[in-house]
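In what comes next, chain A is part of two complexes: it sits with chain B in the first one and with chain C in the second one.
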Partner chain A sequence: MKELERLLDRIVQRVNINLREHEYDVNPLVQKLIPFSQMTKFYAFYGITPHHPLNLQFRNSNLAGSYFLGKCSVTNSLLYKSDIRGDELKQKADVFKYQGYEIPVDEDEEIEIVDSFLIKTLVHNFSHDPETLEKFFIRDTIAMHYANIHGSPAEGSFLGPFSTVDLTTIRDSRVGTFSYIQAGEVSHLDIEPGTVWVRAPETFNFMYRFPLQRLNNYIYFTAGSSPQGIFIDFVEDRKEAFQRVFNVVNLEPSVQVPNSASLDRFAVIKPKTHISDNVLISQRAYLQNAWLGKGANAQEQSYIINSRLEGNDITAHGAKIIEADLGKDVFVGFNCFLRGRPESRLTIGKESVIMPHTIIDIRQSLSIPAGHLVWGLITDEKDLESNSLSLKEFSKIDTRFSKGNMVFEGNGAEFVTAFKERIHHILETNGAFFNGHSNKGHAQQNQKISFNTIQPYPQGEKEGLYPTIIIRP
Partner chain B sequence: MKELERLLDRIVQRVNINLREHEYDVNPLVQKLIPFSQMTKFYAFYGITPHHPLNLQFRNSNLAGSYFLGKCSVTNSLLYKSDIRGDELKQKADVFKYQGYEIPVDEDEEIEIVDSFLIKTLVHNFSHDPETLEKFFIRDTIAMHYANIHGSPAEGSFLGPFSTVDLTTIRDSRVGTFSYIQAGEVSHLDIEPGTVWVRAPETFNFMYRFPLQRLNNYIYFTAGSSPQGIFIDFVEDRKEAFQRVFNVVNLEPSVQVPNSASLDRFAVIKPKTHISDNVLISQRAYLQNAWLGKGANAQEQSYIINSRLEGNDITAHGAKIIEADLGKDVFVGFNCFLRGRPESRLTIGKESVIMPHTIIDIRQSLSIPAGHLVWGLITDEKDLESNSLSLKEFSKIDTRFSKGNMVFEGNGAEFVTAFKERIHHILETNGAFFNGHSNKGHAQQNQKISFNTIQPYPQGEKEGLYPTIIIRP
Partner chain C sequence: MKRYLVKDLMVPISEYATVPQGSTLSEAVIALEKAQEEYNHTHYRHRAVLVLDNNKQVVGKLSQMEFLRALEPQDENIDRIKEIRKFGFSSKSIALQQEQYRRKMPVNSDMYTSAIKLKVEDFMQTPSEGEYVNENTSLETAVHQLITGRHLSLLVTQKKKIVGVLRMSDVFAAAFHVIKEVEATE
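Showing the complex of A and B:
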């Protein structure tokens, strides 16, 4: 066990050095959170398919509960229940387009994670940084519970629980609890908890801040104890259902899955779930009495309970949808928490965009009109009024707009277009537009994956660490 | 799938070249036995502990259902349900004693398996060949169902179902169905089915031949179909019990296991089984209403059903003990099939030695006196009379002795001493003599093993083959 403890100490020290100008010590935040005994008990796993170039190399790491696909390299890292999804890695000879440049990719892209500690974190690429096309790295970084690192190099940073860095190169920064940033390159920043920040330099800037006291009911994190609140309770309450999924090697799907759809074998499917054509259900998704229309998806760590999604709906990583009815083409962003009640359901009209990190938690029925942009914290009609705008109206903004805790600067139409393009891209890569021949995506290609489960040394100095493991084609 | 088929063709071709002087074509024997679909469905696994030097390297192989411990290397092999147990590999700086020589071991011993095809075969080392101390190899070899390769380099050979080569360097040879050879170095030999041959050059020579027609009821193998008979039925009937064991990742033991004993997590334990101190129960053992006294063991693929073993009894690989009562210090050799009946039990007196590949299958109660050597095929008192002798009497043989189908030449006392020394060595390595402090063996050291399960490519040209996997400390 000693080497595992030394490894944690070294990672903490390195992150502290990176964050020294914030005078920030991550030690008290991290120390009591490490379930060393769990890290020995868990098994990690990685997937193998003929479609993903392999170059997995794990050296002196702990990989508790990982999930890798595609080329990879991990060195002296602690990855506790992490998902590292390399299924959109750029391949040699691909051409990357960036602001008019067309950059050929030299070699198969690699994920590299060095001296990092990721607690129940999801890392998903589509690496966007034109400077490091062939390498997707997360060096000297600590990410807390249910953080998302999406398409993002991250270096020397600290990410709080349920925080997300999205398509962002982040360096020597701290991202507070439940903050979402999608802001291009970010260095030496200290992002307060409950910040939602979407920026395209010189084009637009969207900024929302959660009322902290109300947010604390949902997620609260302070030094010396684990994260607390409704989000944590919600996830913990459903943990047991995953135990069976992870404890059985060959699991027969409990629901009918069309040929054009895919259901990951590490997802939990409870009764009365319906899966239509072109649906993608990813690893660690949780579905209970969920009706998914054609082309809808449930991404990693998302929960869909007693709800109906008409089709081409996106449930992004970590999003939760409970007692709700979604029209077609609704986008629900990262870590959203949308909760209706059995007698007071939540309805979301077609083509609406629920911004990442939006909380809708109602006691009375609530209906969101079609084609609306929604953000922030909403518990009733009044909150909805100050936290939403139709996309049509939003497109008319040309300099500055403010509503409730939200401030927008720049071109509204560009903002709406960027969102729509991204939504289209997500549906496309996930296979929502598959027509039986062309437009294949994850839903069609991720149907057959071999999973290798691996365990660390069971005792001795190296307890909890893995031997060096190298996988090549 | 194509590469897997090509691989089999190449292995068959190489073995045929090695066996060309016997004009022996293994192709029709092997062709219909390959469950290609199973070889994609199975997962392989290997164990990791701090005690076993690791250097596992699998390249372009199929490893269906393997089990490795310790340094290893497999290249272009098909290992269908194999157990390759490297837990007695010599380590660097060990000294190997051989006929007065004391040879220091240069580096950690390696198992190497190249261009081989092993069907449900168990490979267990303690490599004895003084010429290749650091390498334990099985090159260009095909071994059929439930063959044992024990402590043995094997090169260019074909091993029939339930055959065993024990502490034997075998080259370009064929070993028939249910034959057992422990005969030092053997080259270019064609061993008939049902041969039991134990030789120490210039010291003794034990030879028994099964009456073939009676043996055929138990195990029969011919080109174009799978092996048949009572042995196969017996094993197939109990296959289902193993499915759960292999399909669950974390399995809680269903029986109390003393601190000084070990129960492998891939063994099947049915109700009313009792495990005493210093007991070792190995991978793929099957115990049902079995009472194991202090220091008794149940080795890989052994079955103990409705039976009682008083203590320090050895149940060697593949041995089956049904409705029987064994006194202390009874040795039951490889692939023995000992079957009493519920109302007509088999009793074996203390310190008796049941030779490897002995069949005792009775309808009326039978009692084997203490301190007897037993061999061959026994179904009643009359058979027992012609297939046994007290060890005391056996020790008196000084030139030649013959009884029934058995012929012995040489020194009986040396033969008995060799057996007793080996039995003592087996108990010692298995931890039967552990006293709470010293004399640790497998029973004490194999309690904590991490198992990594790995799967082959799920589709495409390489379906059924594994990527290159390299594991180092």
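Showing the complex of A and C:
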């Protein structure tokens, strides 16, 4: 156990030295957050498929309850119940296109995690940094509960609970609780909680900042205690359901799954759930009385409860949809929390885009018209008016625009196009457009997957540490 | 052609608007008005008030900018909006969002009555090293000091004592006078 403690101290020091200009000490935030006894309790596991390279290396690390797929290496790190999903990494001979450059990829890309502490964090996608094509690195970084590191190499940074860094190389920065950053490259920034920031330099810049007092009801994190609020209560209330899927070795799916769809064996499926063709349900997703139309998906840590998704709807990592009806082609971004009530449902019209990290929590029925962009914190019609705009109107912005707590600068049409293209790409990658023989994606390729488990030293100085393990074909 | 020195152009401190530390903004405004009435050498008006300590030493300056800043309502949200500059937003976008925010706020009718009770030291600007100039300095050097420091006035020293204020308006008037003189002789 002593080795584990030394490892945590080492990581804390390395993060602190990178964040010294912000005078930010992560030590009180992370000490005793996860009891060391928990870190020895859970096995780690990895997937084997014919479609992804198998190349895993673990050194001097704890991997409790974490999952690995593809080419990943972990050194001097603590990974607690995190998903390191390397199924979208670049492969040797791929060509990476960036601002007119076409850069050949020399070798299979690797997720490389060094001197970092990740808690219930998802690492996915591939490095979008043209300067580091073959290494999707995470170094000297701490990521708190339910953070997403998506296509974002990270160094010397602290990511708060429910934060997301998306397609952005981040260095020496602090990302506050429930903040979403998609900005290409950031360094030496201190980003306060509840910041939603999407920037393409010279093209557009979008920012929404949550009213902090209201956000604190949903998620609040301070030194000396675990994250608190409605988000945490919500996932804790459903935690038990996951214990069964992780405890049982052979688990038969409880619903009918079409040949073109994929249901991960580490997802929770509760009764009356319906899965149509080309649907993808990832691990740690939770579905209860959910109707998923053709091509819809439920990504990691997402929850769909008493809801209907008509088809080609995206439920991005960590998104929650409760008592809602979604038309076709609705995008629900990372960590969104959309909660209707049984007697007052939420309806979202087709082709609407719910920005990442949007909270909709209503007590009276609310209907979002088709083709709208929605952001921020919405509890009633008035909030919806302040926090939405039709995509058509948004496309007309050519200088700057401000509404409520949102400010936008640049070209609205480019912003809308970028979102639409990305949504199309996500559906394509996930296999939503599979026609029986072509356009295969995760929904078709993730069907045949085996899982193996690995475990740490059970006692002694090295208790909780995993031995050096190299797994190759 | 006359060679001006700073002491030829400065306003003596005895003719300048001053208030002791601990004064309110209201008292500073009255001192400014009084000094203006008594000082009618030029048509340029005083635009600042000096704050003096118990030893009559200058410890700060309240320019029109500081007066206006004192009148601006203190609001955390306005300050929070200003922070978005670090995310690459332009001044126009910051102003746009501030305007959005202000429109939602009720009009604060007692903004002025509460502001005038504030203490001058909460808003005064403490003179920096580059804001002092010796009384025997040439006009040319003083001009350079005003330009490089982007100052509207300089505090004039005689040994360690502050004896006057060199205002940009007076320096401009002198420079203008020199130009006319040169033109007339050519």
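Note that the second predicted complex is superposed on the first by the 473 of 473 C-alpha atoms of A that agree within 3 Å, B and C clash if a C-alpha of one lies under 4 Å from a C-alpha of the other, contacts with A are read in each partner's own complex, and residues count from 1 in each chain.
The definition used in the following text is that a contact is a pair of C-beta atoms (placed from the backbone, for glycine too) under 8 Å apart; a residue touches a chain by one contact, two chains touch by 3 or more.
It should be emphasised that the depicted structure is a prediction, and the values quoted were computed from it without experimental measurement.
In the superposition on chain A, contact is made by A:R199 with chain C only, not with chain B.
Residue by residue along chain A, chain B and chain C are tallied for touches, and B comes out ahead.
Once the two complexes are overlaid on the shared chain, A:Q99 sits clear of chain B and of chain C alike. By the touch criterion defined above, A:Q213 lies against neither chain B nor chain C after alignment on the C-alpha atoms of chain A. Within the superposed three-chain model, A:N435 lies out of touch with both chain B and chain C [touch as defined at top]. When the shared chain is aligned, no partner comes close enough to touch A:N259: not chain B, not chain C. Once chain A of one complex is fitted onto chain A of the other, the partner contacts of A:S402 are limited to chain C, with no touch recorded for chain B. Every residue of chain A that touches chain C in the complex is listed here, in rising order: 183, 189, 192, 197, 199, 201, 205, 207, 209, 400-404, 407, 409. Chain contact summary for the complex, chain B toward chain A: residues 41, 43, 48-50, 54, 246-250, 448-462, 467-473.
Chain C meets chain A in the complex at residues 80, 83-84, 86-90, 92-93, 96-97, 99-100.
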